[in-house]
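Below you will find the structure I want to go over with you.
Labels for the chains are A, B and C, by order of writing; each one numbers its residues from 1.
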Amino acid sequence: MTDTSETIFDIRDIRVTFATPDGAVEAVRGVDMNVKAGETVAVVGESGSGKSQIMMAAMGLLASNGRVEGSVTYRGQELIGMPREKLNRIRGAKVTMIFQEPMTSLDPLYTIERQISEPLRVHGGLSASAARARALELLKLVHIPDPERRLKSYPHELSGGQRQRVMIAMALANDPDLLIADEPTTALDVTIQAEILGLLAELQKKLGTSILFITHDLTIVEAFADRVYVMQHGNVVEEGKTEDIFQRPTRDYTKMLLAAEPEGSKPPVPDTAPILLDANDVSVTFSMPSGFLSPRFELKAVQNVTLSLREGQTIGIVGESGSGKSTLGRALLQLLPSEGRVVYQGTPIQGFDRAAMRPYRRNLQMVFQDPFGSLSPRMTVGDIITEGLLVHEPQMTRREREEAATQALREVGLEPAVRNRFPHEFSGGQRQRIAIARAVVLKPTVIVLDEPTSALDRSVQKQIIALLRDIQARYRLSYIFISHDLAVVKALSDYTIVMRTGRVVEEGPTGDVFRAPASEYTRDLMEAAFNLKKVLSRQASARA
Amino acid sequence: MLRYVLRRLLGAIPTLFLVITFAFFLMRVAPGGPFDRERALEAKVLENLNRVFHLDRPLWEQYFYYLGNLARGDLGPSFIYRDFSVQQLLGNGLPVSIQLGGMALLVALLVGSLLGCIAALRQNSWIDYGVTAVATFGITVPNFVVAPVLSLIFGVWLSMLPAGGWGGPSSMILPVITLALPQVAIVARLIRGSMIEALRSDHVRTARAYGLPMRMIVGVHSLRAACLPVVSYLGPAAAALLTGSVVVETIFGLPGIGRYFVQGALNRDYTLVMGTVIIIAVFVVIFNLIVDLLYAALDPRVRYD
Amino acid sequence: MTDIATNVPEAAADGQMASRSLWATALLRLRRNKAAMASLCLLVIFIFAGVFGPMLAPHHYAKVYPDFVKVPASLEAYPREDAIIPEIESVVTRARLDLGSVELDGSTLRVEANSSREIDPRVTRYFDRSDLFSNARVVEQSSNGRSIVLAADVERLHFIFGTDANGRDLLARILISVRISLMIGVLATGVALLIGVLYGATAGFLGGRIDNAMMRVVDILYALPFTFFAILLVVFFGRNIVLMFIAVGAVEWLDMARIVRGQTISLRRREFVQAAEALGVNSGGILRRHIIPNTLGPVIVYMTLLIPKVILLESFLSFLGLGVQEPLTSLGVLISEGARNMRGAAYMLLYPSLALTLLLFALNFLGDGLRDALDPKDR
């Protein structure tokens, strides 16, 4: 990994444009990059920076409306404009890729064996039995449990992490020079992410493959890469050794990205603060109705969770996918049938139906994860924000509602003029502000925030966190903040509950939980999220 | 799998029973009777006829009598074609309908998938627009327009093919074209749409990224997924094709079973209508089962049970 | 968090365009679709033809001209000149006159005739007795009375699409058929829409066991052969045109119910509906503000595609002789008659076929255009 090693992949002045009905859109505007033998290079940038499109263009995978100019050479061979047959001898053999979406990147209709064998047979000319043997060897290499059986499995029978391992096995099948990994861990839980990254690091050490790693996550870059390119709006704004960039960033954008990690903390509320929402032994069970000759199937999504939310408090609920944290949030607001006891300001609201819950709805609000899905696409922003007022303040005139919408939009940092626009005209962060305005306009006392920042870039996330803090302080709001992202929970909440498979693993004041996690699971979670470097080096030393 | 098939077939019995019952009573409640058309029937003769065909009995008795016969595999005598039993009529007509429908189905599958694939692979080229135009034509123009116009052009004006009648392969060409045209169009459209979607899918991107040759990308990783919607469409369509078409049989003068249905309903030929309804319902049930089995064979995510 | 190719244009377009609702965007897209716009124009012409055509047509659709049975389509007027001259000759002969010159000017006939004797002005009767001529009169008579100039009116009729086997004007019959087809198309689609949307939305909204039971009914109706159902309904209600609308609509609601149910179920799972529930909006408000506006797109698309289906079904039933009753007619009846008379009178098959095909084409293209406009992902 010295500077003298050979450059194997060289991108020069690459430009990618997409023809759209509204004119050409430049996604990449002249970028130079290179990868040397055995090196791990990260390309980091927020959504829309063009980082993935460079690789798609280089490998001839652009969408049909895309055009590429410039030069990409692999060991001196120009890839741009290379005939497909010739390019096919490099793709999948010398340069391979793994993608972000482990759920859809494998063909659902064929077995794992078939899919790993195909590149082996096409590029290496292996016989069916030789390919099978090699596929088995590869599955062992990527540490898939029970590899013989897995050969016969279909992708839907594997978990997300296992599928990504299969993709890695495929990528390594023909001993490539370069592995391009396009956000390979973004769709995975943090602990799985740490395992996959550890695997990549291990294999790189073993096989000497160069890795070009595309990501938005600076934690991964710091732990994983030798060199970094920082991208913004289709340009490389800064490049250099990882340590240099992290210690001494020169560009404002890089500094902003590095500072975009959520920070700060929330002091706990005094024990004297009144309890607003008190939940006891809440359980949610989903049951699949029994079919013809098939037994009834039950899934306990939430089991016996107890919490009490005080005025001004933020309870963070942390967990990986399938932990039941979102289900719990909905159950607390009686949006799902549940068991147990939920009391709001002295009134038991457990089991209330729609009509009975209606008076309490204005006090108990919710903000959803998906800013693209939670706003009704055919309503104007103004109508979306004031819909709750129609229910809870039916006496308000149209003008008064407009006034309220204007006020609410100002409060979340949007121009009041946008209230006549439609949701599809806004970016993710703006939409989330609209969703918050919809909750705030009712002047609630409790807001359940279900992963409100998860679909957003870090820099946008930071703004939303600031907004939530600001609103909380202004109205003495109480939050239940649900997230898989420990950094955000650490910054926003003063009490943390860690959930796993429907149960509470650990809970306590945020400071305590994050400083000295009591359970092993929480410790793993924290390390994978905050100290990836340590996890990776520990994995490496365990193997050595 | 055998268990699954058996269970499905058993499960079809109540459906068939419901269809039979519904059709039986609906037919009977309709005004008019089978012997209304024959003018000047003497009261005595009519009474005899009614007795012979058990029409003088209460309706429920007739219903159980019919079910009883049906259980023994007897569809009863035709009320109008009095020299024939319904079995004989259907037995003579069904092979004709199945031949025509089967050929049309084959043509639809082959030509339709070929056109659809070509259009998808050359999306937005003139070939694609051509296929789309042909497909829209096939879907839009009804068979009772296509049939006489084809017959007029090729039978009357050009005298290349028989304008109608049954006998010899040449007499099948125009009916098969008429039957196949809309199916070709629909299959081509379905394949085109699902193929385009498949070619854009993430796993095809993976296949391309791994340097698989085009024939594998299309033949292995796209076509199988693209077939799925066609399979589920073709089930009911095949059942309808194989049980004959009134229009095609009337215009080309073919002895299939499609006509029986309309004629039977109009003439109140109760047993003939019931026989046709049962045949069609059985075909629908069987083809739905075939579709589900094929679907499970094509897509490992689908399981029997 | 990623930049997938298809996201790039959208992200770039964000915030730069003037505010436009999804409906307005769809309309704009539709306007750019030439085939759909051409279809729309054609459809407008059809609607005019259906509404005003029968009033403007030169003949009533039920009027029988026994003299002009199965006359081929022609721009020339009937009776033709070569049919008039022999008739005049025979009339003149019967009147015992010698024919001089004959002049045909539009619908007025001028005949010069001579005789060796003085001509009685009442010869006009001979002309009036013929089917072709009427209002015969003496224009001038020479002083010796031996030569006479007569004028008579000839009814010159135009049958630009020809006449049918009963001697009725095919154009008028096609126009009235278009009216019937459009009426059935709109009304029966309305019936199908009403039943289908209510049924589907109820099933989808209530869910659970009720939904299962309701959809089971739909499945069973699907298993019944579709023509059987339509035929039985016609058999039941007789050949009544209003009931025909209902019969066709009652058959066609099944698909609509399925589509609406599927839409409702998928919308209910969407976060914006959950968000409305979290706001405390009642079922009526959720249906009105969230479910219905978002199902409207697919329903409109399906409706435009249902109209041609319904027209087709009506024509099909008419083709089988189950549709409207004489003297009223429908494109299916005309095509069926045309098919029977195609040897020798091909125009009787071709014109109604062309009319039906064009109408169906226009509706289908418009429906496809609407679908592409409302859901651009589909293509």
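What to note about this one:
As a working rule, contacts are C-beta pairs under 8 Å (C-beta built on N, C-alpha and C of every residue); 3 or more make two chains touch, one makes a residue touch a chain.
If you're wondering where the values come from, they're calculated on a predicted model, not measured in any experiment.
Comparing per-chain C-alpha centres with the mean over every protein C-alpha atom, the closest match is chain B. Looking at A-C and B-C side by side, the one with more C-beta contacts is A-C.
Separating the CA-averaged centres of chain A and chain B is a span of 50 Å. Centroids built from CA atoms put chain C at 56 Å from chain A. Averaged C-alpha coordinates give centres for chain B and chain C that are 28 Å from one another. Contact with two or more other chains is made by residues 63 of chain A. Along chain B, no residue makes contact with two or more other chains. Partner chain C is touched in their complex by these residues of chain A: 18, 20-22, 25, 27, 47-53, 56, 62-63, 65-66, 100, 182-183, 186, 216, 330, 333, 335, 354-355, 357-359, 361-362, 364-366, 368-370, 373-380, 383, 387-388, 390-392, 420-422, 424-427, 435, 438, 442, 455, 457. Note for the complex: chain C touches chain B at residues 220, 223-225, 227-228, 231-232, 235-236, 308, 312, 315-316, 319-320, 322, 332, 335-336, 338-339, 342-343, 346, 349-350, 353, 356-357, 360-361, 364-365, 368, 378. Chain B meets chain A in the complex at residues 7, 11, 123, 200-214, 216, 220-221, 224-225, 298-301, 305. Taken in their complex, chain C has these residues touching chain A: 1-9, 11-15, 17, 19-23, 270-272, 274-283, 285, 289-290, 293-294. Of all residues in chain A, only 59-61, 63-64, 84-85, 87-93, 96-97, 99, 101, 104-111, 118-119, 122-123, 154, 156, 167, 170, 292-294 touch chain B in the complex they form.
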